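The two complexes that follow have chain A in common; it is paired with chain B in the first and with chain C in the second.
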Partner chain A sequence: MSDQNVSLPLSPVDQAGWRSLISAQVGTWLLIAVALCLPLVVAGSWVFALGICFANAIGVLSVSVLVRYGGEVSIGHTFFSAVGAYTVAILDTRFGIPLWLSVPPALALGVVAGILFAWPSRRLSGIYLAVSTLALALAVPEIINNADGLTGGYEGLYVSEPLVPGVKMSLQRYYAALAVLLAVTYGLARLRRSRQGLALLLSKSHPAAADAFGARQVWARVAVMGISGGIAALCGAMLAFAGSTVSPSGFTFWAAIFLLVGSVVSVYGLTFPRALIGGAFLTLIPQFLSASGAWIPVLYGVALLGVILAGHYLPRLTQAMGRRKGGA
Partner chain B sequence: MDAATNALTGQGISLSFGGIKVLKGLDVTFRAGEITGLIGPNGAGKTSLFNCLTGAYSPQEGQIAYAGQSLDGLSPAARAGKGIVRSFQHVALSLDLTVLENVMIGVARNHHAGWLNAFLPLPRGRAERAEMERAAMGALTDLGLADAAHSLPDALPPGMLRLVEIARAIVGKPDVLLLDEPAAGLNNSETRDLMQTLRKLRSGGLVMVVVEHDMDLVMSICDRIYVMNFGEFVACGTADEVRRDPDVIRIYLGSDDD
Partner chain C sequence: MSDILRDLFPLVWSGMITGCLYALGALGLVMIFKCSRVVNFSHGNVAGFAAFLIYGFSSGVLLELSWGAAVLLTIIAIIAIAFLSYAVVSPLVFESDLTATIATLGIGLIAQGATLLIFGADIVSLDLPVPRFSTAVLGLRITGYDLTVLAVAVVTIGALFFVIDFTKLGIAFRAISENPFAAEVCGLNLRSVHLFAWIVAAILGVVGALLIVPTTFLSVTTVAAFMLQAFAAAVIGGFASLPGALVGGILVGVLMNLFTFYVSPEYSSTFLLGLIMLALNIFPNGILARVEGFRV
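Take a look at the complex of A and B:
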């Protein structure tokens, strides 16, 4: 017993864990380096699409964080991304306020919207919560069209204020979206290690235990929705800036569903590479599919179904395979 | 004197679920500086009493107070803030967190770094994490679990998880420590180490209550023992008194084998 206590703090298993962690980090840094250099080598249309992809990746993270830390799914996160997008677009078009001044209020409004939604729905979970988020998603286009004096209605708004005057706008769109995506993944990595993050994770699986150590369930729900709403608003803000136009067609019910699908595709990952997978799915698959004309809805439906089934069964399959390997 | 003023007390605690009386007007005094045992057959209501004391259940009747202050109406989180901490009969650890991180949650109530610290590398948040890690590592080392600190719970055997559960409860230096079957699933040497740890924890200010089926453990570490059956106390006293009590003998005779 006592000789075990004085041994090295890392067992061989942990060392293998560290090694895979380090190699994963090297992969992430490589990916970041590639992302930083890409605009120098690829065509302009790709730079634009990748900027949108980064913004979408932020949206995927907003849903994944709800799954990971709250154990809940949302099919209405376009509500929060619309809050962010219209904050940026309205401040830009009405007051000429550039992105670096409009992102903080967009983030704050997203957090507030998340908290305001969390409070009345704090006792709901599972399918009931998902359906109540659905109501949010369905309301968004209506709200935007009704407030057309402010939002520009169907026409939408055009975001044109540069972030850094004098720098090529296409590069600004790309790098701003990338920077915010990196900042969000960094913040989420820190959250995982924070006191609040630990409490949220315990609350997800054992609410009574978390309660007994001072983390109330209502606190956990409100906190997770606030974080998730804030990240979704950042997604909207960057969609507005990177995509340059904001209109209700970007915040439909389907867009909300795709955010969830993107989250499933990335296996609810909160890292930069995982978020990119989800963002790429949201951004690029529709473009590839649009080449196939009338088959789009069918193909998209099949893709969706495949992804959801894979997301549902893959973890169990790998678990079962791991068990067989362990038994052999 | 001090022991009496810092006691955890319940008066006339009655709890029922849909007409079924689970606790029938219990009066208890758990004193500081003592280890109190709470024994009785399965379904006697031991866990339910813990749930009432921590605020997880609201008894229909009765008052609960700690150090002379009423706890009635306080949430479990608020009671945790007053230093009332428990371990769970069914181990309640997060599988997403390492063993060390699970134990760190036990000291969370002593730390207050704000939300900015959760997302940004600010000094206060870093210091908090380091301090929480140090405290958790200390508790794990005391229970012989230092090697498992960085493992995930599902990689460990049940006995170790039980000890992690206890480490989480004791790490925050509680004023009231309620342990629900802390030796369940432990082997003999683990049980012996646990007894050692609990004895060392006994101090003038601490109210410690242990629900346990392991009679050797209860009889050897407890200063006072409450025996419960069907939501009532059938006996209360020192180990020797309880051992000789005819009602206790009747309840436990023949149920030795489970």
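Take a look at the complex of A and C:
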């Protein structure tokens, strides 16, 4: 601690701040426009991969929400995405229920699962939640494989019911995932400005102040996990629809850690472009490295450490540079 | 009735043996957490890598050494790895324990990838050079392996508690766990004590991995999965109590054995999940929280 200097960092409120905010908005709209037009241009396999990428981006968002609003890490979010995915897949294969009817129960189940899971550790530090998510991640494949009467076991389930009859299925898979991703980012942007969102942030950063304002700690912790679980269930639902199959191999322990890696690589961002970065990282790198699978964990680990260390050292470097410039 | 007793006794015994190993893993996690507030998620993967290194050094994949030399070389390598991991994590520790915890996951991923790259995804067997004998005491089959595990665990844990209770380093460790700021004001070097904890934890992990592998086989995932039990043991013990970790380890070992025998061997991770959730609800501060007089 002795090497930290006493001066507080200046708050970045200046005219350039507004300008960069507006240009970021324009960039987001451009990106959305590109995403909307892309299936007209690129090949079919890319449309499929991008659909999965959007679904993964939702999963990345679910982990980032937990970090941002709860100050907690989870390495077990595959549980909630599995809840969403299997809800959609089971309703589809058993009862022929299309996606637009099966997403609401998937979302509800995800929220409930998140709340139930957060309940035991509601009064404890975030470390306990992280450790219990470790157990959660390891339990998921086991549960899916052993409940094979319901989940299809190793073989998995095939989601075939179209959302809008008559439209090409590959386009449906792409646009449904994109639409849900956009809805989630819009919802998160609204949450950031809402009273509830502010209360959650306050109780994360200043617990005592939040208590004084009447925002209860337990409520905040459980609510964040509920929101996060719900978003993760949407991710699973979209993985099931966009990827067309649901099988335990998609919900392994490593998939859970990779979600966190994606969240870190997107610097816990909750906007559309940031989520897309995380999703692309999760989807495209395994595609490029499919011939040499052992490099994937190494690369992910290095990327994780790289982003974290850059986040630690870059502000210091720029500060030091600024000081030198100011001194000269 | 006598049937149940006949089954129960050996189950509890073998559960206690494996429980000692879970305790070894849990003690490492708790040591790191106590002094630096970081949960070391790379623990299992690094220990697994170490087990593979011993296999590689002794079987001719990398080198052809005797078992003892291979273990020694691996321990040196693991100390180097612990040093490196702490070097990566240390700037983050003082800033945010959450970020540092995430960073350990990155280290774990790299260790996992390195294991896959060097040794592949095959299953190998790694045996201990222990005397093969077994006797029956009161209807209990006690093997050389059991006694070895028990002896190693008792000696290691005893040595650890001795160091922490009676040496200068141990006092520094306790002081820093108690109040890092005051300890630093008194002139203690936080980083060197943290490094001590990381190195000791890594060695405990290697010992645990080495002793657990003969009961199954060695693959990329065995040791990482073994560490889930260690995590569960640490949670039951309260995550910040060394005796708690020991009790938690033995409890997890026994309960796991009973569960896999009487209920189902297929849901072991789910059972651990339930156990962790239950423990968090009933003993949020660890199973020994109400017992006074423990200060380790």
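A few points about this structure:
Heads up, the rule we're going with is that the second predicted complex is superposed on the first by the 274 of 328 C-alpha atoms of A that agree within 3 Å, B and C clash if a C-alpha of one lies under 4 Å from a C-alpha of the other, contacts with A are read in each partner's own complex, and residues count from 1 in each chain.
By our rule, a residue touches a chain if its C-beta (ideal position, glycine included) is under 8 Å from a C-beta of that chain, and two chains touch if they have at least 3 such contacts.
From a predicted model like this one, the values you see are computed outputs, not experimental measurements.
In the overlay built on the shared chain, the residue A:162 is in contact with neither chain B nor chain C. Looking at the shared chain after the overlay, A:98 reaches neither chain B nor chain C. Ranking chain B and chain C by residues of chain A touched puts C first. By the touch criterion stated above, A:286 is placed in contact with neither chain B nor chain C. In the superposition on chain A, A:264 makes contact with chain C only, while chain B stays out of contact range.
Legend: residue contacts after superposition of the two complexes on their common chain; A:273 is shown touching neither chain B nor chain C.
Residues 1 of chain A lie in contact with chain B in one complex and with chain C in the other.
For chain C in complex with chain A, the touching residues are 33, 37, 39, 41, 88, 91-92, 94-95, 97-99, 101-103, 105-114, 116-117, 121, 184, 225, 228, 231-232, 234-235, 239, 266-270, 272-273, 276-278, 280-281, 284.
Interface residues of chain A, counted against chain B in their complex, comprise 1, 4-5, 7, 9-11, 13-14, 17, 68, 187, 190-191, 193-199, 201-202, 204-206, 208-216, 219. Those residues of chain B that touch chain A in the complex are listed here as 54, 56, 75-77, 80-81, 85-86, 88, 92-97, 101-102, 104-106, 108-109, 111, 113, 115, 117-121, 125, 128-129, 132, 141, 144, 146-147, 149-151, 155, 168, 172, 189, 193. If you check the complex, the residues on chain A that touch chain C are 1, 67, 71-73, 75, 117, 120-121, 123-124, 126-128, 130-132, 134-136, 138-139, 142-143, 145-146, 257, 260-261, 264, 293-305, 308-309, 311-313.
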